[in-house]
Amino acid sequence: MGRYVIRRLLQMIPVFFGATLLIFLMVNVMGDPIAGLCGDRQCDPATAAQLEKEFGLDKPVWQQYLTYMGNVFTGDFGTAFNGQEVTELMASAFPVTIRLTIVAIFFEIVIGISLGVLTGLKRGHPVDTSVLLLTLVVISIPTFVTGLILQLLLGVEWGWIKPAVSSDAPFNELIVPGLVLASVSLAYVTRLTRTSIAENKRADYVRTAVAKGLPRHRVITRHLLRNSLIPVVTFIGTDIGALMGGAIVTERIFNIHGVGYQLYQGILRQNTQTVVGFVTVLVIVFLVANLLVDLLYAVLDPRIRYA
Amino acid sequence: MPEQLPEPLESFEEGQAIAPTGAGGASDLATAEGETLEKTPGGPLGTGPDKKPRSLWSDAWHDLRRNPIFIISGLIIVFLVIISIWPQLIASGNPLDCDLSKAQEGPQPGHPFGFNGQGCDVYTRTVYGARASVQVGVFATLGVTILGSILGGLAGFYGGAWDGVLSRITDVFFAIPVVLGGLVLLSVVSSNTVWPVIGFMVLLGWPQLSRIARGSVITAKQNDYVQAARALGASNNRMLLRHIAPNALAPVIVVATIALGTYISLEATLSFLGVGLKPPTVSWGIDISSAAPYVRNAPQMLLWPSGALAITVLAFIMLGDAVRDALDPKLR
Amino acid sequence: MLLEVRDLHVEFHTRDGVAKAVNGVNYSVDAGETLAVLGESGSGKSVTAQAIMGILDIPPGKISGGEILFQGRDLLKLKEDERRKIRGAKMAMVFQDALSSLNPVVSVGDQLGEMFRVHKGMSRKDARAKAVELMDRVRIPAAKERVGQYPHQFSGGMRQRIMIAMALALEPELIIADEPTTALDVTVQAQVMDLLAELQRELNMGLILITHDLGVVADVADKIAVMYAGKIVEQAPVHEIYKAPAHPYTRGLLDSIPRLDQKGQELYAIKGLPPNLLAIPPGCAFNPRCPLARDRCRIEEPPLYDVTESPVKRSSACHFWKECLHG
C-alpha cells in the first residue's frame, strides 16, 4: 500500500510540470503578456521594452517558466492586472468555488446515486425509461443553456431565487448554481450507477446473498451497493477537478466571483500571472483528487489493496 | 464537455478483464440460460462470445436497423447535414438581413420564431446556425479520431518507450480543464472562421481518443486469433490492418460519435464565453449568448437556438448509444 | 418425505419466444438421502434447483405449474417473507463457482457471520466466533487468523469449503449442491466431495447433488434422476442404473465415461446437440440424437414408464426401455 502511494506520487510529478508548462506556453505564445499592463491603450515601444525587462520577458520561455515555478514554490504567484497579489485573489475566489463545488458534488451523490439505484433495480420499468431519457436530455443541453433557462424561470419569472449571487456567495444562494454546475455530471452519475447496479444485480454473489435468506434491503445495501458504487465513487472523485475548472460558465451566468470569474478577467486582460497561477492550483487540485480516488479505490476494493 | 465523458467502455480498456461472459463450461444456471436466449442474436445456439469481425459488424447493423432510437437520431442527423449544406431549402431569408425596428418582436406571419435583439429573423438564424455546429462537430471529430487513433493505436501495438511517453502526455492534457484551455488559446484569435475552434478541439481532444484506441488495440492484440496469426508469422502491418484494426475500431467509433455531440456543445459554450465563433458567423452559441440580456422580453431568442442545439447534441449522443449497444451487447 | 417436487413447470420469457426449461419434473429426497440429478447444460437441472430455493430470476423466469412440498408445505404458496426465512436456515445451496459466488469486497468472516446475524439475531462478536467455528469445521487451517480475509486470498478448494460452511451454518434439513466440484482441480474435488458427504451424514441432511459427472455420483448418491430437455427421462437407485440403464440417453452418458479397459478405443460421444428450448422436438425430445429412435418416437411423447422387470422401483421415459435395458 505504501509503495503504491509513493509510485502514484512520483507519477504525478511529470504530469504536474507538463500541465503547468503547457498552460504557461499557451498563455505566453498565444498572448501578449504585457498588452494588459498599459491599460486599454497600446504600450509605446519604450515602455514595452522596459516592462519586458522588468518581468523577465526578454529571456527564453523555458527560463521564464523556471523562474515562475521557482517563485510559485516560495508562495509567490505574482501580481494580478489590478496590482493585487494573485494569492490575495485566490484567497477570495477559491472558498467561493469550493462551496459551489461542494453543492454540486452533494447533488451528484444524493440525486445521481439515488436515481441510478432506482433505475438500475427497475430496469425496463417506465420509471427507468423516463429517467434514462431525462438524463440524455440533460447531457444534451449545454450547461450554459441550462443555467440561463433556470435563471430565467426561477430567478426572473417566478422570483424563487436571486438571479445573481451576492459577493460573499453563501451556501443557500449557491443551490441553483450548484445544481446547474452538477447537471451534466449528475446525469452521468445516474447512468453509471444504473449500469453498474444492473450488471451486478445478476452477479453470482448477489444470488448467493438471496439464497442465504437475507432480507431484500440487506441484499441491496450490503452486497449489491457496495460493489456497484466503486466505479461511481471513482467518477465523482475525478469530477471534483473537472467541476472546479468548469465552474467558469456557471460563475459567469450567476455572476459568482469565484475562480472562474478571476480566470475570465485574467484571460480577457491577458494577465499571465493570474491565469497561470490559478490554473496551476486547479491542476494540483485535479491531481490530488485523482490520487485520493486511487487510494479510496484501494480501500473499497480489497482485491486492489492486497494485489 | 469531452473531459466529462464517462467511460462506459471500461471493458474495452486495457487489462481490466471485466465480467467473464456468462457462466462458463457445463453449468446451466437459469440466469445464464435466460441471458443467452435473450442476448445472442439468432437463437440460443447462435454465435459464441468470440465473434469474428465480420459477424460483429453485420450483427451490429442487423440490430441497428431495427432500433427506433438509431433510426430517429439518424434521420435528425441527415436532416441537419442537409440543411447545413443547403439552408436555403427551408429558409428563404438572409440571416444577416435585420431590421432594428422589429427588434425583440414576437412571432408573426412569415416569421414563426419572431425577431432577435437586432431585429433579425430568429427562424432564419436558427436554420443557418446548423452549419457552424455541424462543421465544428464533424471536422473536430474527424481530426481527433484520426490523430488519436493513430497515436494511441501505435502506442498500444508497439508498447515500449513511446507508449510510456504518450501515456504521460495524455495525462498532462487530461489535467487541463477544456473550457479554460479554450479561453486561453482562443481569446487572442481574431479569425471569424470555424477553423481555429476546430484546431483547438483537435489539439485538446485527441488524448481522449488515443487512450481509448490504445486500450482497445491492447485488448484486440490479446485475442487468440491475433496470437495465432502472429504465431503463423503474419507481418506486423498485416496483423494491424487485417486483425486488430477491425476489432479495435468499434470502441473508437462509439466514443467518437458521442464526442461529436460534446464538441458541438463545447463550441456553443466557447461562443457563449465570447471566444468561440464570432459574428458575422451565424452560430447557435452566439445567438444564445446574445439572447441573455433580452431573455425577459424575448424568450424566443433563447429558446429556439437552445432547442436546436440540444436536439443536435442529443441526436449524436443517442446515435452513439445505439451504436454502442449494437456493438457490445454485453453492456445492454 | 423431506422434499417432494410435483409436476414442476418453469419457463423463460425471452425476446425470441418462450423457453420451456422445466416440463413436469417429479422427484423427492428424504432426510439423510442423496439424490443425484444428472444432465447436460440446459437440461433444466439447475433451474429446478433454483425454483426449489426460490432464487429464480422472475422475470424472465416463471413457474407455470406444479408444487414444491417441503416438510409437507407447498413452498410456492408461501409469502416471500416466509420463504426467505426458510432459505439459508432450513435449506441451503452450494454453488459451482465459489470465487464469483462469494462477495469480493466483504470478508469471509462477515459473510459467514451474516447467517447468524440475520437468522439468529446474534451480535457481531458472537457471529464472528461462530464463523471461526464453522471454518474449523470445514477444516480450513488457521481459521482464527484467516477469518478477516477476503475470498480472493483463498485457494479454490478453500473457497469451496467456505461456501459449504456457509450452507451448513444453520444446520439446514436440505442442501442443494450445484456442481460443487466442477470448478476445482481434480486433486481437490475428492476432498471437497468427501467433506460434503461426511457433513451430510453427520447432520442427517437431505442432499440434492446436481452434476454432469457420473464419477462423482457413483460414490455418494443413493438414487439418480437423469434430466433431458426439462424432463426426467430416467430415475433409479444408483447401482441399478450403472448395471443396466433403461434409457438410451443414460446409456450414452455412461458410454462416454473414459474407462481404462477401453484404452486405445475411440471415446463414445452422444451425437448432435442438446435441443433448443424454444423449439423442443415433438414426440420424444431425445429422438434426433437417439440410436434407437423410430417413427413412434417422433410422434408420441413417452410417459415415465415403470420399469417392471426391476426388483426395486425405477422408471424410464422411453417407449423401448425393455430393448435398452437388455441391449
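Some notes on this structure:
In this document, chain identifiers A, B and C correspond to the written order of the chains, with residue numbering beginning at 1 in each.
Rule of thumb we're sticking to: a residue touches a chain if its C-beta (ideal position, glycine included) is under 8 Å from a C-beta of that chain, and two chains touch if they have at least 3 such contacts.
Only a predicted model underlies this, so the values are computations on that prediction, with no experimental measurement involved.
Comparing the centres of all chains, each the average of its CA atoms, the largest separation from chain C belongs to A. The chain closest to the protein's centre is B, with centres computed as averages of CA atoms. Spacing of chain A relative to chain B, judged by their CA centroids, is 22 angstrom.
Chain centres here are Cα means. That of chain A falls 53 Å from that of chain C. Between the CA-based centres of chain B and chain C the separation comes to 49 Å, rounded to the whole angstrom. Shared contact sites, meaning residues of chain B that touch two or more other chains, fall at 31. Residue positions of chain C touching 2 or more other chains: 57, 97.
In chain A, 202, 207 are the positions where the chain touches two or more neighbouring chains simultaneously.
Of all residues in chain A, those touching chain C in their complex are 202-205, 207-215, 218, 222-223, 226-227, 230, 300-303, 306. Those residues of chain C lying in contact with chain A across their complex are 53, 55, 57, 84-89, 92-93, 95, 97, 100-107, 114-115, 118-119, 150, 152-153, 166. The residues of chain B lying in touch with chain A in their complex are 1, 3-6, 8, 10, 19, 31, 35, 168-169, 171-173, 175-181, 183-185, 187-189, 261, 265-266, 268-269, 272-273, 288-289, 291-292, 295-296, 299, 302, 306, 309-311, 313-314, 317-318, 321, 331.
For chain A in complex with chain B, the touching residues are 11, 14-16, 18-19, 22-23, 26-27, 30-32, 136-137, 139-145, 148-149, 151-152, 156, 184-185, 188, 191-192, 195, 199, 202, 207, 231, 235, 239, 241-242, 244-246, 248-249, 252, 263-264, 267-268, 270, 275, 279, 282-283, 286-287.
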